[in-house]
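Okay, structure first, notes after.
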Amino acid sequence: MSWAEKVLKVDRRWIFLAIGIAVTIPFFLPLGLPVITTPPVQSLYDAVDELEPNAAPLLLSIDYAPATLPELEPMSMAILRHCFEKDVDVVVMTLHPAGYGLAERAVLNAAEEYDVTYGEDFAFLGFQPGVSAVILGMGINIRNVFPEDAYGTPLDELPLMQGVRNYDDIPLVISLAGWSAAEAWVYFAYQPYRQTVGAGVTAVMATDFYPYLNAGQLVGLLGGMRGAAEYEGLVQHPDQGTRGMDSQSVIHLLIIVLIAIGNTAYFMARRAKAPSGGGVS
Amino acid sequence: MTFIWTTIGALLTLSIYSFLYKDNPFYKFAEHLVVGVSAGYYLVIYYFNFIHPNVFSPVFLLRMGGEPIGFGSFLWWMALIPGLLGILLYARFFPKFAWVGRWALGVYVGGYAGLGISPVMQARVIEQLRANAVSVAGVEDPFAAMTNLALGVVIFAAMTYLLIVKRNLGTKNLLAKIGVLLVSAVMGYAGWWVLSLISSTGVVSLTNILLVVGLLGTLSYFFFSMKHKGLLGGLARVGIAFLMVGFGASFGYTVMSRVSLLIGRVSFLLHDWLHLID
Amino acid sequence: MTMKLLRSLTFLAVVSLAVCACAQDARPDSSAAMSLDTVPPAPITCLEARDYVDNSDAGDKIHITWSLSADDGGGMSDVASYQLWRSEGAEAGWDSLGVAAAGQTSYLDETAEPGVDYYYGVAAFDGVNYSEQTSFGPVAGRTNFFQKTRVSVLVLMLVFFGMVLVFTKLAERGADLFVRRIPGLNAIEEAVGRATEMGRPVLYVPGIGEIDNIMTIASLTILSHVAKITARYETPLIVPTARAVVMSAAEEVVKEAYAAVGKPDGYNPDNIRYLSDAQFAFAGAVNGIMLREKPAANLYMGAFWAESLLLAETGFEAGAIQVAGTAMVSQLPFFVTACDFTLMGEELYAASAYLSREPKLLGGLKGSDWMKVLSITIMATGVIIYLLNPDNAFVAWFSSQ
Amino acid sequence: MRREIPLAITFLIGIFMLVDFFVPHHVVSSSAEEMKQWGTIIIAASILLGVGNLIRVHFHKIRRRREGWGYSITTLAIMAIMFAFGGPWGTIEEGSAFNWMFLNMQVPLQSTMFSLLAFFIASAAYRAFRLRSAEASLLLIAAIIVMLGRVPLGQLMTRSWPEAVQLPNMTEVIMAYPNMAAFRGILMGAALGVMAMGLRIILGIERSYLGGEK
């Protein structure tokens, strides 16, 4: 067996080992590569940035489950920091049954870093089952769906919720989801109510969301850890997203090198077998 | 206490990773464990989050969402009917009556089939068509748009010609074929770039023509009523080319999110469990 | 609370700006620079009130629209807000209804009694003076039976259904409807054949979608076909599922298929398995089946999410022939790279029609094909019309809500 | 009768839900909402069928001492424990035993299983991305450009190049145009497939999910 054939038939466990090493190294030796902002992230950032301080609140729907935490939690942290930094009021809710703890953890952690008060600068509404029904219902009156916040306080007793009835009083909704919840916001908040919606989704889902972005159904889009890293760059608060991008660079390069080796070996092996180099395969 | 639980989580994590080496007792244990845990989890969650508040409590305790409801009232019936439909599913346990389970299935499948049709038409067909049309035509200078539309048609015709008449891109050699494709891609891209220097409107409409060509090609590929020969064959091949670019691009795009998950787990092991990094 | 505060702040700012503006230029004759504003703003124009139709219409909403006062954003730039009044008759008194901020041109009255005739009045307000009131009426809220903004959806849907039904009828009458071969369908039969030769089971994964997902239903149709082949060859067929309802439907489908080819005893209920609703618990358990029960053919048909590559890579390593079919756009790249054959998007739906060879099902396929032609035509027409006149009714008609 | 009744139910409910989209009348829309709720209850009730199947399959395995029967005991035991903890001592409330088991067993197991994809995507790329044909070359080249363009490394590599050929910009162009065109095509085609299938279900032409075709 020539070396080319050996390379082609390499035990895939060597590849696994290489990936394992590549992902771990940047944890100990950070590279600190810079991140450049892309238009969908910039437009979501601008949409948040244009919100009036201490006025109509941003509705942040933290719809992810534990499985997509590493990609989406950096986003919620970056967006919450952006809002708290600018004194923009935030109302947090979740549509995922397993998202309650995660949403609460994100908003409380971010709030700890800033001088903000619960009920005045931010509120947490908790979870309600039934995705489309919740979104549609909030378009009529938020109180129909969430009569009280997650801790049992009626919404009217929260200063920042006074005067907030439905989507007319919410300039922007952002959904961070690793499943179809973000799409549901497009279908049931943008389509019937023309509510401005932004989304943060996993990198793999981002492809599906380009049509919505292009059709103006979404105001902006964060895709995966990179989207989070870009947003962290814009709010000048590098964190998990930015650090993760170093590991990303190494692994992406590794995969490309592997593909290059594979193709070189493939053509060496072909040449050895069919000297004419022709033939349609 | 937290450390014990974290250690359990970490050991289970390592058990799953051991699968990468080969199937082994640790993986088998973890796999059977997670099946058991999730079965118990869903059993409890489905009962307490759906059945209890929406069926059991209103029907038997006459309370719904904390409010009392009357026996035989409208709300009571509205809780009883889905409850009965759910129970009909269990008719399967008695083969003689298994067929009544289909009623529940009929309600569920029929309801969602009806529910799905119109939004799909709206969001996936009409809205996409509209977006495509508007983004192609939505440039400020109609003259430039027309010129570019014509230009797009020419490029498209050339591509189709290459792909149909010169089916194999004029050569049999695979490397040469790839070469031709690469050179034309580079040329196309260069042309696009040169145009971008001359007129920004032109670029917008030219790149948008890609949307039309791609959509036309892909839809042709999914045309089942005719053999893929002649013009339709060419269009379908253009569609395949677009599909391939799309698949490659989204594959590459996805790598990042998968690596993100791995980073999350590695950070759990190194940071949350072993405290090796901060 | 904050909204009100903000509103009054903007109002104050606007007023002071307006006062300063007056002081600086407009009127050299008004010597008292800080004198009180006595000039009312220009009235609004084009006032209209219409019954408002939303998704749950109880006839209690009326939508009021108007054109800005000439002094809002232009002219004296001193409009602070718009005051709205409502009255139940041309002669009856006016009740205050609400306030809209400067720059707004609409207001939704959600407190209307259905069927009552109302008159609406709107006036611009500069903080001190009201403009002349513009009125409109009568208008009554009705509970509507048709959402007019969705007429394009309805029309296209009916056209599509019409085509499907016509082709189905044609097919039933025996018209020869050509449908091209779908590559990948043969692959299913080959894969099952190979499993038989090797004496190893066939694994059929109907996705992790709930049964309300149309992909799952298409998958069950294909399953029925596959089960008939395995029944004939007496090859074990393992169907792991992630949803209990899908599991029970799969049981029915497979049992009937075995009975249909006259081998009801070949059906093994232990091979139709519910594994877990949890996505990755399911994927892990299916991986276990692949490595331990060693199926020689893995068929993945239906709705898949991230587990697609977990299954397909493990299956590849285990040496099985793999055929996938899904309309999940985000997972297609993985099935295409890791499986031997992939039914993409509509091919999955087409496959179920093609396999059954029932003329009724082929009609749907034909209908979709002609709908594609119609869609392209609509898009092309839209582009041309849009280029000639961007504000035309044709494009607007398709902006459904 | 055994088949006609469910088909009639499917037809009536299907048509009603279809019509709901076009009829804003509040009586119609609130009834449709109510029926959606029914769907979730039917699904929730079905879990018992699934768990019944799970118990049966594993029980058979244990009773017949088939290979790996010991693991089946794990599955059944942990399910029983989870179920026992779930009822009386609170479900998803912070700090309940049920929640602890969920957070420290199900969550890490699921997310680790998910993260295996990082390894698999590399091995799939290595194996499948070969310049076998002209079409395959498109797949490969698009993948490489996007992979590089997505990470900071790609940005650094081409930072000094003209804007049009900087990798992140090329990535954006590929994602926003050819990729989107192709996916729009798939989406639209699939949407038509869904609608045709939905119509067939409502009309009772498609009935395999009810079991068999007769």
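By letter and in written order, the chains are A, B, C and D; residue numbering begins at 1 in each of them.
Here, a residue touches a chain if its C-beta (ideal position, glycine included) is under 8 Å from a C-beta of that chain, and two chains touch if they have at least 3 such contacts.
Because the structure is predicted, anything quoted here is derived from the model rather than measured.
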Per-chain Cα centre nearest the global Cα centre, belonging to chain: B
Pair with more cross-chain C-beta pairs in contact, given A-C and A-D: A-D
Approximate Å spacing (C-alpha centroids) for the pair chain A, chain D: 18
Separation of mean Cα positions, chain C and chain B [Å, integer]: 14
Between chain C and chain D, centroid-to-centroid distance (C-alpha), Å: 17
Sites on chain A at which at least two other chains make contact: 12, 16, 19, 23, 67, 69, 97, 129, 191, 203-204, 207-208, 211, 214, 226, 248, 251-252, 255, 280-281
Chain D residues counted as touching two or more neighbouring chains: 21-22, 36-37, 39-40, 42-43, 46-51, 54, 68, 92, 103, 106-107, 109-111, 113-114, 116-119, 121-123, 125, 127, 129, 131-133, 139-140, 143-144, 147, 150-151, 175-176, 179-180, 183-184, 186-190, 192, 194-195, 197-199, 201, 209-211
Per-residue multi-chain contacts in chain B, two or more chains: 16, 19-20, 28, 30-31, 34-35, 37-39, 41-42, 45, 49-50, 89, 92, 105, 108-109, 111-113, 116-119, 121-122, 125, 127-130, 132, 168, 174-175, 212, 215, 219, 222, 243, 246-251, 253-256, 258-259, 261-262, 264
Residues on chain A engaged by chain B in the complex (per definition of touch): 13, 16, 19, 23-24, 27-28, 67-71, 97, 129, 186-187, 191, 202-204, 206-207, 211, 214-217, 223-226, 240, 244, 247-248, 251-252, 255, 277-281
Residue ranges of chain B touching chain D (in the complex, touch as defined): 5-6, 8-10, 12-13, 16-17, 19-20, 28-51, 54-55, 78, 81-83, 85-87, 89-90, 92-93, 99, 102-121, 124-125, 128-129, 132, 168-169, 174-175, 177-178, 180-182, 185, 189, 192-193, 196, 207-208, 210-215, 217-219, 221-222, 239-256, 258-259, 261-262, 264-265, 268
Residue ranges of chain A touching chain D (in the complex, touch as defined): 12, 15-16, 18-20, 23, 33-36, 38-39, 66-67, 69, 97, 100-101, 129-130, 132-133, 203, 207-208, 210-211, 214, 226, 245-246, 248-249, 251-256, 258-259, 262-263, 266-267, 280-281
In the complex, chain C residues that touch chain B: 150, 152-154, 156-157, 160, 177-180, 182, 211-212, 214, 217, 245, 248-249, 275-278, 280-281, 284-285, 287-288, 291-292, 329-330, 332-334, 336-337, 344-347, 350, 365-366, 368-370, 372, 375-376, 378-379, 382-384, 386-388, 390, 395, 398-400
Of chain C, residues touching chain A in the complex: 1-6, 54-56, 108, 279-280, 305-306, 317, 329-330, 401
